[in-house]
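First subunit A sits with subunit B, and in the next complex the same chain sits with subunit C.
Up next, the complex of A and B:
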């Protein structure tokens, strides 16, 4: 029974990692850029919801503030791309990485300034309730997290592979110049994908905040989510979720079976081993570059 | 602009391009030597810090600026150099004059050991791999507590070279002199590497791995050598950092330091020794500058404003502005200003404009 509970809580954690990783992968898939501030986007989404919901701030009903927060993060992502990232168009990946790391610093500071640096809990209706399946006691928050993640991944997968906009996004990533010739508004597509990534980050943030209290430094969780994205295979949406779940499952089992101190390095050790032996992740999408 | 009339093949690879350049760099060196007689002890301490960061920056610059391999894990090698230096002195009783170069060698070898398995990675994947190493080393320091003291950390002893004491607080001027000496050695080594075939192969790998391979450069070996040299210099900087701060633990070398080092050389200007120094000035003096401004504003308005995390936010904002408006960093801005005056009145705004490139994916699906 212990094992099953560990499994479910690990799965729920992994789903949050997976959702943040989805944000990385979405942006990478459509623009070839890597957004290191995705974890901080998640933090911002969580704090906007918290600022709208909690009594000490605005005190709106939870189910009203969730759509507002998701829409606000969508707008935030859109504007970030339009104002900052668009100037970087056509520059090297590494300079975009550095830019987004710096953006993360600024966002973390801004959140601390607005909502304080102390941990706060979100007053969420799904927090702290139990569901019983026979003798098994599971947290309602964990089940909601898993369900929402699975649904959003399926939606995003179909969005990318079926809808016109999703295919346009893939085309814009595969060859920007050719996409221009085909009449795809590449710049607007880029802004839209950042908006989608912002919304996914908001969902991840709300789910994460439902599982415990948050403070501005949770944006650093992005590093773990990044590991998840790389383990799964960067550029693959199911891979991101798979990687997130693997990282999420390793953590509780490692701390259960291995001595403390060794257990926390397991996700990174796995990441390193994956990079060495299977450099492009489990669901690899890159093959050797040809001239 | 001074035109150099080249009469020998050596003119292309001389240490200085012409006499005036040699004159200016030697006067800069002379200024650095007489600095302790001008500045207070506190300011000398700050200058020492700048020089140590500059050494670390040069270490990373060889890898990122010259060879084009982004590393987000160099704090790990600062840690290796720092711990190796102090442990060699404490456990084996070696003198500083032996333990210091050995610390560089150990850091360099561990860099090569990292480069061999990761030689297939490039771009963003390499950055992630090195980031993982930085986190792993942070945790390994805690795990190897009997050796490293874990989170309690270690004390760095006072440096003793043939009976002469070098201590940051006791003899700050002498300590500064020692650091300056090491800095000059590293600069000379760096410059000489760039003038050698090795430096040219670094540049070839940076600009295109495929064409480097076609020209007969062994890409994997070149990368490994670049990693080794880079981490060796970083290790030296780490050893000096340990002596500078006196006490250190795993927290001294977190992933944040790795990120800061990369940001530092980007602000300074990638691909030049100058960039490492400009970046070091920014990163080492920014906390002081922010504190001064804060106190000044506080005195004006009669309130005290102390906001946690302000330093990294200001640092991040500066960096965003630089990447957007001056991607070549402080050194790039300096080059533009200099060219403006050299060519006056013929400077054109688009002289340094980079060609726009369109990205193509390497993914197949």
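Up next, the complex of A and C:
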């Protein structure tokens, strides 16, 4: 039973990593930029929800805060691309990387100023409740995290494969020039990709906040999610989720079986091994682009 | 009124005048070819028409309306489709998917109904699939329908690109060197297709092409350019026999230039 509980909690953590990794990959695939502030987007999404929900701030009902926070992060992502990233067009990858890292710092400090730097718990109706399956005790939060991730994945899958906008996004990510001449407004599509990445980050943030208290530095989780994205195969959406789940599963098992100091290294050890033996990741999709 | 009117267009790259005060018009239903030695400005002119570059002077009108204030993505919506000399396809997608992207400008419906796959959306999908299948039949692409572009030979990719442009259902089709790199047989196919695109589909064609056999076979009118300036305009025969054109091809310092047959 221990093993199963470890598995479920690892899976739930992995889903959050996977969703952040998904944001990385979405933006990278479409615009060839890596948004190192993706983790901080997640943090911001969590804090907006917390700020709307918690009694000490706005005190709105949780189920009202969630869609508002997701929409707000969508708008935030859209504007970030439109106002900041678009000006970087034609600049080197390094400039964009540094810009997004700096954006992460700004968001972290801004969040600290608004909501404080002490850990706060989101007043979420799913936190701290247990579900019993026979002798098995699972957190309701963990089950919800897994379920929401599955639903989000299915929605994203349909969005990208069925809808006009989703197909346009795929087209723009594969060949911008050709996409233009199919009548696809590539610049607007890029802004919308950032909007989607922002919304996914908000979902990840809300799920993460439902599992425990948060502070502005949780954005640094983005580094682990970045590792997850590389493990899964940067450029592959299913790969990002898979990478996230793998990293999420390694952690609890490593800390259960291996001495505390070493267990933290495990995800990065795996990243190292993947980079050495399978540099394009587990589900490599990209042949010409390199990370 | 001509379908496409290019009026006194000039474009400079730094100190080089790539296109110098060029005017021509393409009538609805004709095949119009741009020829000339390398560096004559054909492709530049072509890229001006597809709004890839902004001219420093002059005007370009499509169906009577200036397109200089249109972004490249708005060109497709007006009914202008183009191919590329160096083939720009969606590599990680199948032939069918590539052609379906060409339907973008015709797709209607919103995110909500599309995600739910309502009957309206399903009917729409079927309509687009039919349009694309017609193009596939027309260009004999059936064997490659489900194949990924990344694995296809050059000649087939070239045809797929033409197919994707046709899927847009354009009024004006811009073909950028449709026969470059193709074998004699493949070029023959291109000649038949261009003929059918004109006569059966009623699409006006503007093309840049080096192969004078192809140009003579399919073009109603030809314009020859050299050094960014118009040399002659007329039927393929007239242009080839024009003294200025002969001089431009034979009289240039570069002896490797192809001699007009």
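Methods note: the second predicted complex is superposed on the first by the 286 of 291 C-alpha atoms of A that agree within 3 Å, B and C clash if a C-alpha of one lies under 4 Å from a C-alpha of the other, contacts with A are read in each partner's own complex, and residues count from 1 in each chain.
In this text, a residue touches a chain if its C-beta (ideal position, glycine included) is under 8 Å from a C-beta of that chain, and two chains touch if they have at least 3 such contacts.
Just so you know, these numbers come straight off a predicted model, no measurement behind them.
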item: First (subunit B), second (subunit C), both or neither touched by A:112; value: first
item: First (subunit B), second (subunit C), both or neither touched by A:87; value: first
item: Partner chain in contact with A:155 - subunit B first, subunit C second, else both or neither; value: second
item: Which of subunit B and subunit C A:269 touches, first, second, both or neither; value: first
item: Which of subunit B and subunit C A:227 touches, first, second, both or neither; value: first
item: Subunit B or subunit C, by number of subunit A residues touched; value: B
item: Touched partner set for A:175, first subunit B, second subunit C, both or neither; value: both
item: First (subunit B), second (subunit C), both or neither touched by A:102; value: first
item: Shared subunit A contacts, counted only where both subunit B and subunit C touch the same residue; value: 174-175, 177, 285, 287
item: Touch list for subunit A against partner subunit C, complex; value: 155, 158-159, 162-165, 167-168, 170-171, 174-175, 177-186, 285, 287
item: Complex interface listing, subunit A residues touching subunit B; value: 32, 34, 84, 87-91, 93-95, 97-99, 101-106, 108-110, 112-113, 117, 173-177, 216, 223, 226-227, 230, 234-236, 261-262, 264-265, 268-269, 271-272, 275-276, 279-280, 285-287, 289, 291
item: In the complex with subunit A, residue positions of subunit B that touch it; value: 70, 117-118, 120-121, 123-125, 127-129, 131-133, 135-136, 139-140, 142-143, 210, 255, 259, 262-263, 266, 307-310, 312-313, 315-317, 319-320, 323-324, 327, 356-365
item: Subunit A partner contacts - residues on subunit C that touch it in the complex; value: 50, 71-77, 81-82, 84, 88-93, 100-102, 104-105, 107, 109, 111, 114-115, 117, 150, 164, 168
